[in-house]
Amino acid sequence: MNHHEQMRICEALLFASDRPLSSIALAEQLPEGSDAHAILEDLQKKYKDSGVNLVEVAGKWMFQTASDLAFLLRKEEEKERKLSRAAVETLAIIAYHQPVTRAEIEEIRGVGVSKGTIDVLMEAIWVKPVGRRRTPGRPMTYGTTEDFLVQFGLNSVKDLPGISELKAAGFLDNVNTSRLNLLSDEKPDEEQPDLPMDDDESSSEEQVIS
Amino acid sequence: MNHHEQMRICEALLFASDRPLSSIALAEQLPEGSDAHAILEDLQKKYKDSGVNLVEVAGKWMFQTASDLAFLLRKEEEKERKLSRAAVETLAIIAYHQPVTRAEIEEIRGVGVSKGTIDVLMEAIWVKPVGRRRTPGRPMTYGTTEDFLVQFGLNSVKDLPGISELKAAGFLDNVNTSRLNLLSDEKPDEEQPDLPMDDDESSSEEQVIS
Amino acid sequence: MSDDWDNDIADFEMPNPRLTGLDDLDDEERLIVDIEGFEGPLDVLLALSRTQKVDLKQISILELVKQYLEFVNKARALRLELAADYLVMAAWLAYLKSRLLLPEEDSEDELSAEELAARLTHQLARLNAMRERAAILMSRNQMGRDVFARGAPEAVIITRYHTYDLSMYELLKAYAEHKTREAVADIQIFKRNVYTLDQAIERLSDMLGLALDWTSLEQFLPSGIEDIQLIKSTKASMFSASLELAKMGRAELEQKQLFGPLFIRGRKQDPIEEENE
């Protein structure tokens, strides 16, 4: 195996490793008698002017974005946050039952929904207020956004799989079949046929919220 | 900013990511008027003989270890998803026939798709629902994901191995899902004139996301 | 065996683990021994067609039918459980065989036997092709198995619009889990306070003995109940009880108009009818 081939191997190993590698660990992957140090030095030279550098940290080696380009990555530090279980479930309920009020979500889930949960979903721009119920207190109703459809690659919320399809796909596996007839896709909004969309109000609130 | 500097930026971004990036996303990080495609081609050339290659996958770009080094890096026991024969076959059918309904998969395999098979493929994020057929019952159709393309190193589903031969042999024609179609006298070409998901839109949306 | 089997579509063959370790048996016995390894009748047909050692397009359907029917008979003789699918296929193949052997009558509505046979061949070839593609697909260099992405990625722009990410799978899983829990919660509804049909029948028959003239069913409802659910339940049970008593011939019902009040009166037992019962 020639020097170039050995360089390629080290390069691939360093690239694919999830932690810095010592020259000893690298040497183990090379033919006996290979000079890991020489190879690492050559690799370092090869990458000197690249957007990525090979650096030695605490005696081990790793690839790292060139320090003058760190600005490229910095603005992405608003890193991904994980949605809580409650948030995912709330999102699913809003998607399936929209338009739905917070009280209705609580009734469907059987537990309280904190304001923060819906806020998180609105921050992700997956949920928005869509109107108010014509019931006492005129509670706000929530629905999903365009971004929601994009995120999940849906054409419309009607494309969400129904219960029977979830079952067929294996999602409801551990549900006793005899109970499944209780799992109908009932329309949650039988009693409120009218959904007032007072745009002025809801949109102005939306601005305040977001 | 000169060409070399722009190459360094793309190099840094692509190197830092473990997912493919679209040329559109890269262009956003470059000065206006930059030719992202030319830069990507130059980068590809630069890495041609390295241990790491720049490849075009799922219509996007990413660095990955050179495929000829697979023998060295292969992590069989650790990484490989243990898929059942049924799951592998179902995956292939979804890939080649997409968008395809569950009933069509069953027709091709001549046996019911057991619960959990599609579930497993969706959990691996290789398969997702893509829309519904405009036929009675509006059955859900399945297709493959970007992760699927990345996993198998494909630029698009059009690049699936042997897809044109299969088409020429008539194996990818509409599947007659009236059970035991052997017995029925229907002409096989009269079904499903319309597919609800327009592919252009979904693929362009996908690009917007990333 | 299957190595000799020549197919011009592709020369790649699915690994067939279920045939390993059974080298001493001939092909068909091997198939039967491993009936549980099969995924439906098409799978068996495909495996049988391989024993013909010809291109799939040239297999003899009659021979295949014979092989399949023998296979099913042997499996039955060995008392192996065959799913209904296999038997339906056997019946259909027997039908196809008879049509292939008998002179064909011209019929406009039915496919000819040759066309049916061609369809079967096509289905087998299609399944075979999909299997081969599946094997080719899995043998490609796979991300995370043969080729690797950056092992220690640095935070990059991937999500410009969302700082949150969620897969369709996670969303559906959450909804399904919620539905699952809901199902359990629904079971608890049965703890509700109800007025049983037996109670209603007992009450109604007692009271009917007292009132022999037409009386509105409403009059018989127990008073003093405040729980709305229980009132509803009482009404439903009393209504059912009235139907029940009418059926037994112990009461008569009358309703003068749609949605109007329901009147009920007790009925003297008719001795003749009683005999008939």
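To keep things simple, chains are lettered A, B and C as they appear, and every chain counts its residues starting from 1.
Rule of thumb we're sticking to: a residue touches a chain if its C-beta (ideal position, glycine included) is under 8 Å from a C-beta of that chain, and two chains touch if they have at least 3 such contacts.
It should be emphasised that the depicted structure is a prediction, and the values quoted were computed from it without experimental measurement.
Participant: Which chain has the mean of its C-alpha atoms lying nearest to the mean of all protein C-alpha atoms shown?
Facilitator: Chain B is the most central one.
Participant: Where the centre means the average of the CA atoms, what chain is farthest from subunit C?
Facilitator: A
Participant: Taking each chain's centre as the mean of its CA atoms, how far is subunit B from subunit C in angstrom?
Facilitator: Whole-Å distance between the two chain centres: 31.
Participant: Roughly how many whole angstrom separate the Cα centroids of subunit A and subunit C?
Facilitator: 35
Participant: What's the distance between the Cα centroids of subunit A and subunit B, rounded to whole Å?
Facilitator: Spacing between the chain centres: roughly 19 Å.
Participant: Can you list the subunit B residues in contact with two or more other chains?
Facilitator: Residues 13, 15-16, 29, 63, 65-66, 73, 122, 128-129, 208-209.
Participant: Of all the residues in subunit C, which ones touch at least 2 other chains?
Facilitator: Within subunit C, residues 148-151, 154-159, 161-162, 168, 172 contact more than one other chain.
Participant: Can you tell me which positions in subunit B touch subunit A when the two form their complex?
Facilitator: Residue positions touching the partner: 4, 7-13, 15-16, 29, 49-52, 63, 65-66, 69, 72-73, 102, 115-120, 122, 128-132, 140, 196-197, 201-202, 205-206, 208-209.
Participant: Please name which positions on subunit C make contact with subunit B in the complex.
Facilitator: Interface residues on the subunit C side: 9-10, 39-43, 85, 88, 92, 96, 109-111, 116, 119-120, 122-123, 125-127, 129-131, 133-138, 140-151, 153-162, 167-169, 172.
Participant: Which of the residues in subunit A end up touching subunit C in this complex?
Facilitator: Touch residues, subunit A against subunit C: 12, 15-19, 62-65, 72-73, 75-83, 85, 88-89, 91-93, 95-96, 108-110, 120, 123-126, 147, 150-153, 161, 163, 166, 169, 171-172, 174-176, 179-180, 182-183.
Participant: Report the residues of subunit A in contact with subunit B in the complex, numbered from low to high.
Facilitator: 4, 7-13, 15-16, 29, 49-52, 63, 65-66, 69, 72-73, 150-151, 153, 155, 158-159, 161, 165, 167-171, 173
Participant: How about subunit C: which of its residues touch subunit A in the complex?
Facilitator: Spelled out, the residues of subunit C in touch with subunit A are 148-152, 154-159, 161-166, 168, 170-187.
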